[in-house]
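One structure is given below, encoded as structure tokens.
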Amino acid sequence: MGIHYYFRSLNDLERIIRCPGKFKFEQHSVAAHSWKVVQYAKTLADIEERNGVAIDWKKLYEITSSHDYGEIFIGDIKTPVKHASPELRLLIQQVEEGMVYQFVEEHIPEAFKDTFHRQLREGKDNTVEGLILEVADKMDQVYEAFAELQRGNSEKEFIVMYRNALTKISSIPLYCVDYFMNDILPDMVNDEVLSPIDIKKITEEALAIGKSRSLKS
Amino acid sequence: MGIHYYFRSLNDLERIIRCPGKFKFEQHSVAAHSWKVVQYAKTLADIEERNGVAIDWKKLYEITSSHDYGEIFIGDIKTPVKHASPELRLLIQQVEEGMVYQFVEEHIPEAFKDTFHRQLREGKDNTVEGLILEVADKMDQVYEAFAELQRGNSEKEFIVMYRNALTKISSIPLYCVDYFMNDILPDMVNDEVLSPIDIKKITEEALAIGKSRSLKS
Amino acid sequence: MGIHYYFRSLNDLERIIRCPGKFKFEQHSVAAHSWKVVQYAKTLADIEERNGVAIDWKKLYEITSSHDYGEIFIGDIKTPVKHASPELRLLIQQVEEGMVYQFVEEHIPEAFKDTFHRQLREGKDNTVEGLILEVADKMDQVYEAFAELQRGNSEKEFIVMYRNALTKISSIPLYCVDYFMNDILPDMVNDEVLSPIDIKKITEEALAIGKSRSLKS
Amino acid sequence: MGIHYYFRSLNDLERIIRCPGKFKFEQHSVAAHSWKVVQYAKTLADIEERNGVAIDWKKLYEITSSHDYGEIFIGDIKTPVKHASPELRLLIQQVEEGMVYQFVEEHIPEAFKDTFHRQLREGKDNTVEGLILEVADKMDQVYEAFAELQRGNSEKEFIVMYRNALTKISSIPLYCVDYFMNDILPDMVNDEVLSPIDIKKITEEALAIGKSRSLKS
Amino acid sequence: MGIHYYFRSLNDLERIIRCPGKFKFEQHSVAAHSWKVVQYAKTLADIEERNGVAIDWKKLYEITSSHDYGEIFIGDIKTPVKHASPELRLLIQQVEEGMVYQFVEEHIPEAFKDTFHRQLREGKDNTVEGLILEVADKMDQVYEAFAELQRGNSEKEFIVMYRNALTKISSIPLYCVDYFMNDILPDMVNDEVLSPIDIKKITEEALAIGKSRSLKS
Amino acid sequence: MGIHYYFRSLNDLERIIRCPGKFKFEQHSVAAHSWKVVQYAKTLADIEERNGVAIDWKKLYEITSSHDYGEIFIGDIKTPVKHASPELRLLIQQVEEGMVYQFVEEHIPEAFKDTFHRQLREGKDNTVEGLILEVADKMDQVYEAFAELQRGNSEKEFIVMYRNALTKISSIPLYCVDYFMNDILPDMVNDEVLSPIDIKKITEEALAIGKSRSLKS
């Protein structure tokens, strides 16, 4: 028993791949995803503060960094199960929460149990911190799905993920959501999609430069 | 000497990659390929039975599950060699069969030698089971090549593989080939190729939904 | 709707990794595992036949090749969940079976629905074919865990898996289990564990050979 | 220009591997490392709070989550360079800081520039938050190096890394360092090193169980 | 101390990936890149000889095979740093050369030090061999970037790399550059870009063949 | 037709893995192997020159850099086939040489055909350059096999490879072989094998340092 077992287990989330089974040009671990959520949430909370909203940074820190810890036990299976039926999704959530609870009871020292039960709970409540976590989590789905679509991945999974994540984000009443929709998303879409690559033209320009030199003369 | 050496060697086919050397967006092991052939063959044989054809399931089981075992010794090199010349292809086949024969003689207990020599023989004869194996094997080339082409892989190898596999399948006189050509192939082609991804449009729809909400008002 | 969607989905099982999250020197896909189970079962059934037991080869073919298809939907999570509690394990099984059922209803043509519901059911019943599947499935855990332990992987998961799988196999009343315990397992253990590598000694022998040559003389 | 370029760049840190060039049984991305540092720091700060030390959670959040962002530009090269000479290390640090500064100036909107310059600065100062970051960063080196050594990696790099990281941690005057040295480190060392795997013995036990059954009687 | 340490270190360059951090459909190690540069340079030098230019093959051998050895110490970071500023690039070069110098002094026997200092120096001087190395090195950037662009990678990095490498090559006054621009580059561009894949059409052709057969008649 | 097709094909050798099928802790491409052979040969030839032997550097360059080009067509299968029987090995060699010949005839311009036929021929003749290539090629087997054995890989393949390569090297009458046996091999064996890792002791030393500090006193 000891916190060592928690720290050691974090490594497992470097080996859990998001969207297992689906073809992806690029794989993302739950650990790397969690870190990006922490980063997005930091800037989203900055934007809320600039608009006069008070942020509980300790709470935000706790819920963003640990929000997918339960996937150590059941993997990243919620999305496809969610598509299947609400009942199945509920069953899965019960399994995940049950295993996290058991882990804390079994491995975490008595003095820290309350803290870990609180930190590893589902953080997406209706507080501003819970909403920021929801936005940040969905933002990473937007970034991941967008990159797959842009590279030519035609798995329907990613179209659905991209659309659902954008729709969910846009429904959340936060200042940072306005900023994301108005300032970040347009940059993302314009930057990437509108720059078709014309290899032939680039080559011809280089060839033109090459021809205009007077070789060894 | 012992069957252990056969079971242990199966693991090697998880590490032999099909089409070695060629660029692929996704790699397939000979082991995974063999499993898919087993699965296709099962449904193909079901279709023959529905049309009144008698199937020897034990034989089908044996020849589909072991049909690429010889690649443990020489890898998956037959396709490019076949393109080069029939003589070279014949030489390769002799090497492969020679090494399988030696393996059985060296490692398999006397009582099982006949069984293993039979199971590891080339199974693509003119019986219905042999023809089903031929169709199932080529079907996996169709699926593999199609997925590469669809994701933008322009290696000529996969165009050639896709075309040759389809042509070969369509030449085999089985009821299940009719089913594949008429019911499966159209689903495959329509499902995938005709759904171009329009990220910009999806985004605009989501943005429209987002704009129509009255934020915090 | 069509069988194409089933064939296409098989590819997903090449991307589902067994024992996700745990450190492994070598990863195994569910597809490759399924193929090895098909192979083990073939020889196990041969042994039963040699002892006068009748085998339904069509049934054996169906249940071995499809036995882990449900992992497409929920991944390979049963083992750790099973360690947690029987209740959680039951919940997971309900989710898996529910999703397989939905898949067949949604994608498989009417005429094939009964066949697919039968083929994708849990096959580990008390018939000889069901017991052979149980043995073959556990044999692959033995081979996978053994290889990890032998290479120095000290994750407790694999010690537990190895021990439990062996214990389970030895409890099943089949002739092929006797053969496995008496003829295959000893080969496995003796072949691998008892050959420590002494690099230094091998080098010295080679150096001795080298010194005894009379260079350029 | 826009925060999108920062968010998009985070993905690059999923592709930067720590200790590039050195043989490792397991690779860690800078993104995953950063997330583990965030997690360690959270618990380390909890321990400080329990001992009456005030924590600025916003600051801790900022400096832990972004502490290796500069590696986007120059990779994870500081450790070997540091071994070479202090002058070379200083040069590298100048390059890294220069490139981070340029990135913020070029891509971050005016209103956010100060925030990003602050967040992306070197956070390891002598405040309690800076010291916690130092401990958490070194703790991940301990965990990474320990896992390599335990699996039999004999690259000197990891012995040096393990020893230096432990020595550095133990020199930092924080309550959480006491906890790490007295409660976490012993668990780590005892749990792993003292459990040699005896495959042969485990097998014999299972064989004994198997033999004691009365087969089919 | 001994040449063993140099030989052993070569292995590290199999683990250093070019363009770290950037998304790539295919990764290239510095070792594999170095080999391709050796191969290109061999043919480029052949072309110079055919035009009456004398080649110092020993020198060409030395400078092409070792030209990126310094990346063992600092990775492949020159390209993005170069984009940032000439000052930063100079700093990086000093670090690299300093570490190579230290390595030779520390590990190479006295009798070989001069040889290794000469072989591991920057080889891109204004001799014909130095210019051939420059062309060969840039040719590999052309091939690598072209393959990414052709597969649909829209990272600006590769457009810039492709354009800059072509422009640099075309500015070098060698006969082999004429050959590359006039005989090799056109093959590359025409072969790849102008062959769009029309899966649907290929399928229809195969279907037409299939339909024209008289099945079982 | 054109040299472009040769240059483009080099990329395939980055995807051909040595010893396919066998478990390896680390994989090596034929391209990376070829580069290391080029490097070893350079130093081996230096040693011969120091002993007064004349080296044809152009020839050495040609035969070392291209010596495994034929594996593009048939993969790296010679070693296990060689173990099987001399007849099978001869067949494989005929296939490989036949395919290289066809490639040159089909793709290389008339003016370069003789050059490419010469460069892509088997280079291991009895000249000093041919013998150096043989030593360098076997040296890479020594390094690759040694690293696997040292990390605990107990595949017999690598023991056999290590022993045979050392024995072969020691039989070749060159000055550089003496240097390898007397100066390089001892460093390799002593450096690695004799440094067992004692994690526990390293930890205790670090703990001792940690305890001797007087924390916050």
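Note that the chains take the letters A, B, C, D, E and F in the order they are written out, and that residue 1 is the start of every chain.
By definition in this document, a residue touches a chain if its C-beta (ideal position, glycine included) is under 8 Å from a C-beta of that chain, and two chains touch if they have at least 3 such contacts.
Treat the numbers as computed from the prediction; the structure is a model and nothing was measured.
Colleague: Touching both subunit E and subunit F: give me those chains, sorted by label.
Modeller: Joint contacts, listed by label: B, D.
Colleague: Are the interface residues of subunit B and subunit C largely the same numbers on each copy, more than half shared, or largely different?
Modeller: same
Colleague: Where the centre means the average of the CA atoms, what chain is farthest from subunit C?
Modeller: Of all the other chains, the one whose centre lies farthest from subunit C is E.
Colleague: So, what's the distance in Å between the C-alpha centres of subunit C and subunit A?
Modeller: 33
Colleague: Provide the C-alpha centroid distance between subunit A and subunit E, rounded to the nearest whole angstrom.
Modeller: Roughly 35 Å, centre to centre.
Colleague: How many angstrom between the C-alpha centroids of subunit F and subunit A?
Modeller: 43
Colleague: If I count partner chains per residue in subunit D, which residues reach a count of at least 2?
Modeller: Touching at least two other chains: 11, 13, 23, 25, 147, 150, 152, 185.
Colleague: Which pairs of chains touch each other in this structure?
Modeller: Once each pair is checked, the touching ones are A-B, A-C, A-D, A-E, B-C, B-E, B-F, C-D, C-F, D-E, D-F, E-F.
Colleague: Under the touch definition given earlier, write down the residues of subunit F that touch subunit E in their complex.
Modeller: 2-8, 10-11, 13-14, 28-29, 31-32, 34-36, 38-40, 42-43, 46, 55, 57-58, 60-62, 65-66, 109, 112, 115, 119, 139, 143, 147, 183-185, 187-188, 191
Colleague: Within the complex, which stretch of subunit B touches subunit E?
Modeller: 23, 25, 146, 149-150, 152-154, 156, 159, 162-163, 166-167, 169-171, 173, 177-178, 181, 185, 189, 193
Colleague: Spell out the residues on subunit C that touch subunit A in their complex, using ranges where they run on.
Modeller: 11-13, 15-17, 20-23, 72-75, 77, 80-81, 84-85, 87-88, 91-92, 94-95, 98-99, 102
Colleague: State the interface residues of subunit F toward subunit D in the complex, per the touch definition above.
Modeller: 25-26, 147, 150-152, 192, 195, 197, 199-200, 202-203, 205-207, 209-211, 213, 215-216
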